[in-house]
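Some notes on the structure that comes next.
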């Protein structure tokens, strides 16, 4: 049940693809997660958020994660980053347990900028933690800010930024670390389509140079197909991998890729699969019932 | 310069459309906004965020607002809600100045749930402020939670929710007030496409019943076209209305609308216009320059 | 003037003695200040520093026991108790032949004598042995509230009863606009306590000559202060306690003279200044034993006091 | 070593070490100064002898402390709401509240005795005065530090000023209020002791801890004096523990100072 | 009426009202008790007579207050960092810090005099003891109340414990620290006055405010006593103003208690 190995595009994802694959960048074995219910003080009684799942990701893969709201995407990323611990199963990242010796950056779903630092200092935060020398820090900061188009807002405080600007600062902060593993939780969610596309292309360009392994949560199927080498479609309740698909579109992917028939076909197909994973997800009630919902004001 | 009156679809938006239009729900006259620069203590020296703009919206209109990140969409909504004051110009809402006697709900770009209240109490917050009786409050709360598909999370605290779930609670909170004017700042930004589409359809259904006036900020052109009777495309630096377009797709709009040729054509055309408003927006540097951005780790 | 400069100048060859006073400088310290002003300590080869009291005045015996001062001024029964606690203290001279602590009452207060205190409220220092003594002797009980060095409550409240030094407080009370108070004097109840000079016993044993010289100058100082010109001593007191007014200094000195506190209430001349009577110490020890504050025989007169350092 | 175990062992070890250090210090003093730091056995002896009396005294002082503390908590909560309700009110009243805190208790003791009367009423009032201010400052700061986005929510909802105050600022200020309560809880018993020392009353021979301390101090019973202070500490710890417990109950579900168990 | 004007007028009006009330209260008292609440003219007279001496005393006490305050701020900042650095350290040390606060100053005053000696060192120490605790409690609470999401950021960035402490918790705790500082600023001068009362030295006739108060009280110079307390208040207000100024400088750009001007 966990993985629907699926033949798609050129080949289904899986260990069988390449002979003697490189040691995996990320590996999950029978990982599950349930949260303690805050009301019952006893042992976990809430249903599991992630079902036991297995997953192997090779170095340099760009994996997009799709799935309905609340299905466990962020939880999966938190587990990989070591911010949360699995209830069962083991995780290895670059051969280490999460949070130990790995070189990883995580763009959270919220921008989480430090309100007392200006934009430029926020971008440098992670570099400071890694004790990157000041000159190098400045160089990377400038480049990252330019990349996300906020060079002119470098001296602003977070509370002076728009929502999309904050997310871009957060993205710049992660990219500046040039990690080996990059976890991105809807980094483009608050951005307009044009900025999104531009940043997507930039991201691919950087990936081509730096070859980090990426796990990219998005709600845009088009974005997933455009960016990823592989797409995981999660099904909810409990979170599990419903489809594990390889995207074999050629590189470099450019603006033209978005117009190619292959691309459009893939987008349509992934969309269909995504819609199929959980027919009752999204809204909990059928339209008939909900039409009696909020009624006219008295 | 402010408004590019444009013939589009069936007709351009504007006062000339209907004979003796009803008194406007929202009216902006020569409204501009600049923020005081936090560094210079003196009078405002920062460039204006919104150029003087004029805008009239009739009751019951569903207006989508599109524009690049940081162009002033949220600022516009804040001005209308009375949370910020214009630097110049006048605003009237339902005939009143903003914040006085108007019946308005605003779904912020961030969920801004109260962390000490459970989901159900959060949904009731605005109703409590309006002193809606308990029974009515409970009824509307149940309906709104069911609508956004979170009936089963009613007893959770905000910090136990996923990003998309939080935004849905925020949406439920606003919808439960059944306002006359509804301001929505990317309410579906953190949601998967399927939930998005479902909620969009629900929103249209409620709008058909309750006929509030809506200003709906979104980054999805498809969503804008699907939902709106009118689309404003903002151009940045300073924020101004570059296009003011009327969407004359027939009602009720359903799943089939999304497949209609008219719809697809409109989406493509709005996309093109949006991309044209600010060629250098989104990312501040051309690709050539940015390819020398974050460089490989040393 | 000149004497002052001389006193401040050389201290070489002089034995340093620090004296802890029990309160801010006032005429009750007349002996010290007169001797200081006249240069008699210096003449005796002593370099004497007088440390004003205040809160430290409450812990004179601790100050002496820990060696911060060699000599201090205090009250004899309390000092006996402290000696019993193991403090190395020796009572070496009288300041006042009777400790001037009394109860102050308004003139029209119905309390006429100690038994009338039953059921009353008194502001006094909790722990003052006299309070226990009264309760036992007259089989009475009364409420104590802590003494706060102020007579404000007394002035404001015509029923108020409080502890006080009757050579000082009456002046402040009348200045405050109230009529002169009445006193219930401790010795009238048979509480026969001295105002005393206390020395650190170890220091006294090692420096008998210095102590003897000190006491001689001190007694001479008292005699001169009471019978001579107090002006210079008063100037010094004003320097160390700017709140001393001429009126107050004159009043307090006169009270000491009139009440014969220093020379002795039944004395005819100054010959008893500083004298201690071992028999009275035996009485005081008996009081403590009767109150079960010290076990019988724990205190012996010859161990707690000495007349050996007084001038012949 | 197991972290759980360490969490118990280390404080105990430190405690033992401190006791040993105390004892060593006692013996290192010149005999004439040893009374300044009684040995542990002297302390134990003092507790043996004066224990029952101290218990009675502690009951007195604890009641006064609790009364003063409760009064301070209630008044501070109301005062803070008032202060936070408008800039004008704050600018007008805050200086006087500060002034209230700056009244030197030691100086007004006679006035308290005259107007309020010695004993319990004055002791409660002084305890109130001592504990009130940290509560007001913290709570007011909390009421003012509310999240800007939440304020926007309430403004958007056209909340009345009192709704903003009671439904938004008040719950948001709870963590600050509890910080203030924790300070006040520590100050209350010791404040009550001090108050008893200054404006207490031995009415009926029933002394509070402060008067006891005065008595012991006058009689030079230093070990008993230390014992009295220790009893005051125990009261303080008990009150702090109670406040921490209530704080946990109220805050742990949602406030970040009580992390969600995620592991 | 203009709100700006009101903001100045109302406090002034209240002040005038209070002065009038004071004066009325004075005259309403029985003549024999009037001295307890001196009239304004008596107060003015007291300032005229004792002004110069009070200035000298205020200088003494202000210096001690500043020294104790600065010491408390520095030690509290370090102690809070230590306490926040690990649960184990906190569990081990916090009780002793509380214990330190629960030492009744009045009881240990004599012991301080005997160990440290009367005068400035003791006064500074007592001021330190009085102001230290609100600072530690507030700052520690601030260090622990850091936003969970920010903590995640630092954990993700594999921050060392000291980096988390210095780069995240410390700045996040600044608003709490300043709240503590504001309390401490108010307590410091009055604490120094009390300390001077308890453990000051009047040697050489150089009195601090506390010793002056003790003497005025003993001599029943009530107007001068009030004047002394007022001088203490003025010192407190000055210190609070200084702290508020620094707080504004440090926080106004980013903290929600200083709203972004959006209007």
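Order as written gives the chain letters A, B, C, D and E; numbering starts at 1 within each chain.
In this section, a residue touches a chain if its C-beta (ideal position, glycine included) is under 8 Å from a C-beta of that chain, and two chains touch if they have at least 3 such contacts.
These numbers come from a predicted model, not from an experiment.
Between chain B and chain C, the least number of touching-chain steps is 2. Shared contact partners of chain A and chain D, listed by label, are B, E.
The interface with the largest number of contacting C-beta pairs joins chains A-B. Mostly identical positions are employed by chain D and chain E in their mutual contact, as over half of the interface residue numbers are shared between these two copies.
Ranking all chains by how far their C-alpha centres lie from the centre of chain B, first place goes to C. Centre to centre, using the average C-alpha position, chain A and chain C are separated by 86 Å. If you average the Cα atoms of chain B and of chain D, the two centres end up 51 Å apart. Chain D and chain E have Cα centroids separated by 16 Å.
Per-chain CA centroids place chain C at a distance of 38 Å from chain E.
Multi-chain contact residues of chain B (touching two or more other chains) are listed as 35, 38, 78, 83, 110, 157, 159-160.
Of all residues in chain C, those that touch two or more other chains are 58, 62, 66, 148, 150, 152, 156.
Multi-chain contact residues of chain E (touching two or more other chains): 33, 36, 110, 114, 147-148, 197-198, 217, 253, 255, 260.
Residues of chain D that touch chain E in their complex: 3, 6-7, 10-11, 14, 18, 33, 36, 87-88, 91-93, 95-96, 98-99, 101-107, 110-111, 114, 133-134, 137-138, 141, 144-148, 175-176, 179, 182-183, 186-187, 189-190, 193-194, 197-198, 210, 213, 217, 225, 228-229, 232-233, 236-237, 240, 255-257, 259-260. Contact residues on chain B toward chain A in their complex (touch as defined above): 35, 38-39, 66-70, 73-75, 109-110, 136, 140, 143-144, 146-153, 155-157, 160-165, 168, 175-176, 178, 185-186, 189-199, 201-202, 205-206, 209-210, 219-221, 271, 274-275, 281-285, 287, 289-298. Chain D contributes residues 32-33, 35-36, 109-111, 113-114, 118-119, 197-205, 207, 210-211, 214-221 to its touches with chain C in the complex.
Interface residues of chain D, counted against chain B in their complex, comprise 147, 149-150, 152-160, 163, 167-168, 171-172, 174, 253-255, 260. Contact residues on chain A toward chain E in their complex (touch as defined above): 78, 81-83, 99, 104-106, 108, 110, 112, 114-117, 125-126, 128-130, 157-160, 177.
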